[in-house]
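Below are two complexes that have chain A in common, paired first with chain B and then with chain C.
Take a look at the complex of A and B:
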């Protein structure tokens, strides 16, 4: 049990951050909700209440449909790609090969780079020009006589978003690798040996022993990558600028608020983004806290 | 134990202090001001009155812009020199904010206006971008008296004035003029294919068919805003000046057959463009023409400055003409300066605006920036070959405003058009595009 003094102390210590969080997070969420229910358009604040009008018009807004489609494509490709690639890299590094530390750092380094830098580099790599102006990866493919691989990258209609996800996978698969590697190292060696004695082959060991034991890691990776992809913004702007075929809710929010001065609509998009991330994160937090208490 | 407690308390205090200073960035001046007299009373007492007296002894003017680099900053410096020579008693405060075509500056300006601390005069694109934002917010003064006093109505094109006014009030002083409806072409490619510079839409289509057959990319295009720039010039070229102006005051029907025909033209023109448009900046696209990779490009006349930077020669490496269908029409955009409501130094601001609209001021600014004067009486010998031809057109043509660059539509309307255009580029459906444009005019423009 705490002594009284310790309790005072902990309250004193924690008060500044609680105040800061209350003001800068929750108060502003409340203010955004208020704006999202108002008809504010233009530089002068106008809090006239219009109910859910901003939200309803978003759901019939063709641009918002494009945003949802793009977010789904990006999330699907990015999360799946990072998890599969990260898992494979972790399994390879776990075989105890020489120079493991070197490769581990090599795979992890992209994560240390900002999305803007990644975006600028991949903008050049994924140059969609053809013919005499061909460059980047397309030029490489043409040197290697792999002409069937030459493509329009992020300017591909509908699926262009998947090309952006490639850059994100490059950046974040090292991170999932680190998560999985830690998970693999935590699996007691006795379990594998026991399985081997029972006559299980390598594939069976992974299928029935390793993968189930790694399920919590996969869940963490899913949540972390998933909420990142819902908020993706800087990477897209760095690769392609503000262009509608690669629009996502965050870009729409920015453009409609600060270029178009539709503050009510912008706030509504912000709140929808918050809700979608919360739907993903809150059950996860509740779940992890429960398991921690149990432990 | 108590020592530990003391350390922890100190840590908590330090943390609180950090948080508080982070919150109170604008307020940091206040504590400094109250501390100063306590520490050293005598100097504080003498300093304070000096600070308040200064403006009385020497008039000031604070001018806000995003001219911080290249020819723009050099041009502003040149104009400040003219100002200092004319008004040696007024101190010029250059409050320029750097960054991305004014996006940062506009955010800073919005904050200052909301706090009730406007600069005396600020830069803005002449026309609805200024009017829709700052006149609607009651933040800028009409300048009709100044225009009459300085005789600007006689030296600026008659058709310009309505475009920078709202209900008969003129709200800003244009310093420079750029032209949006310029068709840049590669003279060698046109010669090789026996093509005359097109002056009508039909001739343009015929020329581009010929070029396609010859295996040349007919029209270079870049990212989305350059596509909007192309759209506004094609609307102008297809509708003509009068109907084009009508789009913006509500007299031309956005759902009508004329607009439909213009949008069909636009859809057709997109078929002649390079396939990688979305990944090119305006410079990349313009460069295709001078490098011989494409025959035509539609871009504002700042492209000419870029061609010169590349070391290209006018009429040899690149030629220019009005966009087909818009011969005799000058589609303009302009940087202009305003007078703030409740300006701290109204006299200084008026002095600045007089310089900004004067012959000497504009002749100092424009040759350096690579644009032409808003006045029609500037000395032509100061300018290069292209700009001289633009000056002739500016003085004689019908003047209409640009959409992409803020003259004809307010920010909200423009952003709705931008969304409709982006969706159209993806699905190429002219009917939904036209319906979306009509809806945009109804929601954010003058259409009812």
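Take a look at the complex of A and C:
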């Protein structure tokens, strides 16, 4: 049915893109793996094979332990916060209120801004100064007589990451809202009406009909937000610079590679990040491609 | 039904509370930006300005003008080229399937999600060895790492088009390029808007590639702003004004083309 000439042409036209992806993604990953297994330290590449030494030393590295703890705190607060907030906003906006479009645009606009801008602004909002130098959100809390809310934000020991997660929630919860809103709009009205006729109240309808139908949306949101939090970098750099208490794998990778010239270790961190993202994302890609075929 | 609706008016309370949460950073950014240098004080940061002054914006612009220009020069061509590539790839993968097309596609998709830390060292080494540093190298990186999402968006769109459309054109003797040029391209303008906006926004907002591939001569805006914020010399009020300047291009795109922006977002979650 297809002409041979067109068949060849289509292969020729897509080849540059496929080659680019092959080289810049897959060959580069392979190259990183090789660096991660080498003792390269310093400006000139040294690919002497050292086995898993770089990985093993990371596992016993206190800084990397801090990174894992920080990533877990960030992921927990950020993912949970964005999903809960996004879901509630979507449900509220799905009630057919006037001004829905306005609120929707407002909740989503931080998505258009870079993490750097968000970070620079939030760093001044989360100013931890106290007493006569109090400012930012703490000052606002004191105006509103909500003094119990005054806190040290990202400079809080151990839980400082939660403050960074708050800025990330500000940026990304609109995205979860958009996902849920699209999911809600896809639920046929007849389903809700049928349940109403059967005597179900609003809460029962959400609990037993809508939430289960939104499970695939929740799964997508969990995976997309989860993999984002593993990669978090810009936001932390912009809020706090590169401070050890707020260290994450991406910052460690950057510092140890480009400031410290420990290329082997930096590559190992990069590969560990890739593996943790792949564990989340590969099943997701397989799943979405399968459901697409079924449709 | 009417009383049913009325009972939901209380929802405006949490909605307005949320709106305030989203607007607080914007409020501080704007209010601070319009204050005169004399008025600026961290302890009065929530007060409205006493008049409209542009001192902060002028000062911020002096620092950021070259990097704003760098960003435009780098972002616009890379958004256009990666959209065109995505459209061509999407067309071939959706409608002109060759053997193995369905196997290749998930491998392209995975590239959308990888943490760039896992390719950063080879990328820098490679770009340096072929002499592609600076804005050109950065633009090329954005084009290549943009291929997965642009291909995905166009492929999903083209896959939704009826096969009969192509069959009819084939009957009339059109070849592959003819079908692409005269049938698909004209009806994919909305998808182009979606993808262009998406690529513009993500390249504009990128920090990681920029920081490893450019030097202080060709810093794009994100790197310049971050360095400005990290410097002890530049006051926080100027940083606020600079943040607004850095955010303005993508914010304007969002304000005027928000609908398309949303579609790009949903495509990025593989939901089409």
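Quick notes on this structure:
Keep in mind that, in the parts below, the second predicted complex is superposed on the first by the 288 of 295 C-alpha atoms of A that agree within 3 Å, B and C clash if a C-alpha of one lies under 4 Å from a C-alpha of the other, contacts with A are read in each partner's own complex, and residues count from 1 in each chain.
Note that a residue touches a chain if its C-beta (ideal position, glycine included) is under 8 Å from a C-beta of that chain, and two chains touch if they have at least 3 such contacts.
Keep in mind that this is a model prediction, so the values were computed, not measured.
Comparing chain B with chain C, the partner in contact with more residues of chain A is C.
Look at A:268: by the touch rule set out above, it reaches neither chain B nor chain C.
Look at A:241: by the touch rule set out above, it reaches both chain B and chain C. Contacts of A:20 after superposition on the shared chain: both chain B and chain C are touched. Within the superposed three-chain model, A:66 lies in touch with chain B and out of touch with chain C [touch as defined at top]. Looking at the shared chain after the overlay, A:140 reaches chain C, while chain B stays out of its contact range.
In the superposed model, A:260 makes contact with chain B only, not with chain C. By the document's definition of touching, of the two partners only chain B reaches A:44; chain C does not. Contact with neither chain B nor chain C is seen for A:164 once the two complexes are overlaid on the shared chain.
When the shared chain is aligned, chain B and chain C each come close enough to touch A:9.
According to the touch criterion, the shared surface of chain A, contacted by chain B in one complex and chain C in the other, consists of residues 5, 9, 13, 16-17, 20, 123, 127, 129, 132-133, 241, 258.
Within the complex formed with chain C, the residues of chain A that make contact are 2-3, 5-7, 9-11, 13-14, 16-18, 20-21, 24-29, 31-32, 35, 45, 85, 88-89, 92-93, 95-97, 103, 105-125, 127, 129, 132-137, 139-140, 143, 170, 174-175, 178-179, 182, 220-221, 224, 227, 230-231, 233-234, 237-238, 241, 249-250, 253-254, 257-258, 263, 266-267, 269-271, 273-274, 277-278, 281-282, 284-286, 288-289. Contact residues of chain B toward chain A in the complex are 1, 5, 8-9, 11-12, 15-16, 19, 23, 103, 107, 110, 113-114, 132-134, 136-137, 223-224, 275-276, 278-279, 293, 411-412, 414-416, 418-419, 421-423, 425-426, 432, 436.
Chain A contributes residues 5, 9, 12-13, 15-17, 19-20, 23, 41-44, 62-63, 66, 123, 127-130, 132-133, 152, 154-155, 157, 240-245, 247, 255-256, 258-262 to its touches with chain B in the complex. Residue ranges of chain C in contact with chain A, taken from their complex: 5, 8-9, 11-12, 14-15, 18-19, 21-25, 28-29, 42-43, 45-46, 85, 88-89, 92-93, 96, 98, 104-111, 113-123, 125-126, 141, 144-145, 147-148, 151, 175-177, 201, 204-208, 212, 222, 225-226, 229-230, 236, 239-240, 242-243, 246-247, 250-251, 253-255, 258, 261-262, 265-266, 268-271.
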